[in-house]
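Presented below are the structures under discussion, each in the form of structure tokens.
Next, two complexes with chain A in common: one pairs it with chain B, the other with chain C.
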Partner chain A sequence: MAINVTKLEMTLQEFVANVGNVQGAAIVSPDGLSLASSLAPGMDDERVAAMSAAMLSLGERIGRELNRGEIERILVEGQKGYGILTSCTEEAVFLVLTDRNAKLGIINLEIKNVIEELRKQLLGLAQPIGL
Partner chain B sequence: MEPLGFMETIMRRVQLSAEDKDLLVKEADWGKNVALQMADIFYDYLGRDEEMNAILNAKEGRIHRLRETFTEWFHEMFTGIDGWSKAYADSRWKIGLVHVRIGIGPQHVVPAMAVVVTAVRQQLRRDQKSEALSDALSKICMIDLAFIEQAHAQVLSEALFKETGWTQALFQRLIAKGAETV
Partner chain C sequence: MEIMRIVVTGPVGAGKSSFIRTISEIEAVDTDRKATDETATLKAKTTVAMDFGRLQFGQNVALHLYGTPGQERFDFMWDILIRKAHAFILLVSSHRPQDFRAARRILAFMRHRSKIPMLIGLSHADNPAAWPMEEILVALGYLSPYNRPPTVTVNALEIPSVAQALTALIEAYAQEQMAELNRLNKDAFI
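After this line comes the complex of A and B, so read on.
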């Protein structure tokens, strides 16, 4: 089944709207192409995609080199908040941006939940819209 | 990278014609005769560059070996080895890789190649050779230069891919996005 981009975008928008302290989310390919996103105005979609893919790939490489096992997520902690990267499928990386007040335990749980849905959609396993 | 395919693309881009090749082959003896003289000019120029001089003399005997390689390379620009086919492309790719290995980058090679082109042109005039031969030789120099630059870019990017896990497409995207902000 083909990937429904509209549904993917909707899932991201709902995630951003409903999960506290989340400011944006995106799904990108390992080549740094944006597959779907719900980002704050002014954020360069393409740039975010390229940076996310670069970071996850480098993180996985570092994880292997430093013998840390399979990487579950990469966390960037800044003064204004967090950037959390999680591998979604072999062909997709999930990025979540939060503000500084986000509780990481909750956010990680929310990511875990939504990633299941995103995986289904990306692998063409989800129910079509309207059914 | 596949050297022959790369060379064919560059040949097309510099518009190296069958006439150019014929002319070069016809003058291969002239090329062999002046090769040592060109090597003198070339290494005299490089020797005056502090950085290049250090690279050339970093190992005992390196400069001597490089001079020999230069004269062979110079002559091969006229013969085309196998008619500017696989063997020629492979040899140029190998030369490119050797340049990377000993630390000679495009910033060294480009001006050095300009010195070769100028010196050859002057010698051609002195020997009353045709302008067409001069043009043909300049095209070959540019093809060989392209190999050295390509080898440099490829070795660097392959090392980066290996260390970071990035794909070529991602790397190109990052460069393109980065270039927008420069």
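After this line comes the complex of A and C, so read on.
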């Protein structure tokens, strides 16, 4: 089945709306193209996608060369909040932007939950029609 | 030990990653990802952050080579890398005139931010469809034969060719330093 982009975007919108302190979310391909996003107005999703991909690839490289093992997430902590990158599927990376008051434990749990849902939707494309 | 940072830039598929891989003494650091955009028609993988390679040049200088991604959506990487560079190479595929416009945009981007010495490297110059050097330079915006940056043909897969391009760039850099020094001296006497 093909990926339902509308459904993906809806899942992201719900995530951003329902999880406290989350300000934006996006799914991007590892080579930096936007697949779906729900971002603050004025944030260019093409740019966000390219930056996420660059960050993740450098992070994974650090994980490998500096013997940190498989990368689970990359966290950017700023004065105004967090940017959290998590690998979603082989073909997709999940980015979440939060405000400064976000509790990391909660956010990580929420990310884990929504990734499960996103993964199902994204892997839907791998199944042949009729299944 | 002095470190000289050189940025290798240019459109998708010009040979930036190969260039660095060919000459680096350490195993080059790459950030390749499977291409899913129009790049995929050209090659399977594409750089998404940067390439890094290192080369000892003489006794006292270490060259650090940074390769940029080719696609414009990664222009924040162009910006990050060019700001600390001492010199840069613009690689252009001679046989892909459809890329000349992208090359020109990269050139403008770099020139807008930095006045460091540069070199134009024309790759795939042995391809039967390759454009002559003169015409490529005009396409890149160098209409007059004067005040053009040094230009060489380069095969990114061959060590002597890459070394030659780097030497030409370092010469341009040294000349620039010399001119700067002369300017300073002159000012001191006035």
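Please note the rule applied: the second predicted complex is superposed on the first by the 124 of 131 C-alpha atoms of A that agree within 3 Å, B and C clash if a C-alpha of one lies under 4 Å from a C-alpha of the other, contacts with A are read in each partner's own complex, and residues count from 1 in each chain.
Throughout what follows, a residue touches a chain if its C-beta (ideal position, glycine included) is under 8 Å from a C-beta of that chain, and two chains touch if they have at least 3 such contacts.
What you see is a predicted model, and the numbers here were worked out from it, not measured in a lab.
Colleague: Could you tell me whether chain B and chain C fit or clash when both sit on chain A in the superposition?
Modeller: clash
Colleague: Quick one: classify A:63 as touching chain B (first), chain C (second), both or neither.
Modeller: Neither partner.
Colleague: What is the contact status of A:47 with respect to chain B (first) and chain C (second): first, second, both, or neither?
Modeller: Both: A:47 reaches chain B and chain C.
Colleague: Does the superposition put A:32 against chain B (first), chain C (second), both, or neither?
Modeller: Both partners, chain B and chain C.
Colleague: With chain A superposed, which of the segments 4-12, 22-30, 40-48 or 130-138 in chain B collides sterically with chain C?
Modeller: Among 4-12, 22-30, 40-48 or 130-138, only one stretch of chain B overlaps chain C, namely 4-12.
Colleague: Once the complexes are superposed, what residues of chain A are shared between the chain B interface and the chain C interface?
Modeller: On chain A, the overlap between the chain B and chain C contacts is residues 30-33, 46-47, 49-51, 53-54, 57-58, 61.
Colleague: Mind listing the chain C positions that touch chain A in their complex?
Modeller: 29, 31-37, 39, 46, 48-50, 69, 71, 73-74, 76-77
Colleague: Using the touch rule from the top, collect the residues of chain B that touch chain A in their complex.
Modeller: Going through chain B, the ones touching chain A are 163-167, 169-170, 173-174, 177.
Colleague: If you look only at chain A, which of its residues touch chain C in the complex?
Modeller: Residue positions touching the partner: 29-33, 46-47, 49-51, 53-55, 57-58, 61, 65, 91.
Colleague: So in the complex, the part of chain A that touches chain B is made up of which residues?
Modeller: That would be residues 30-33, 44, 46-47, 49-51, 53-54, 57-58, 60-61 of chain A.
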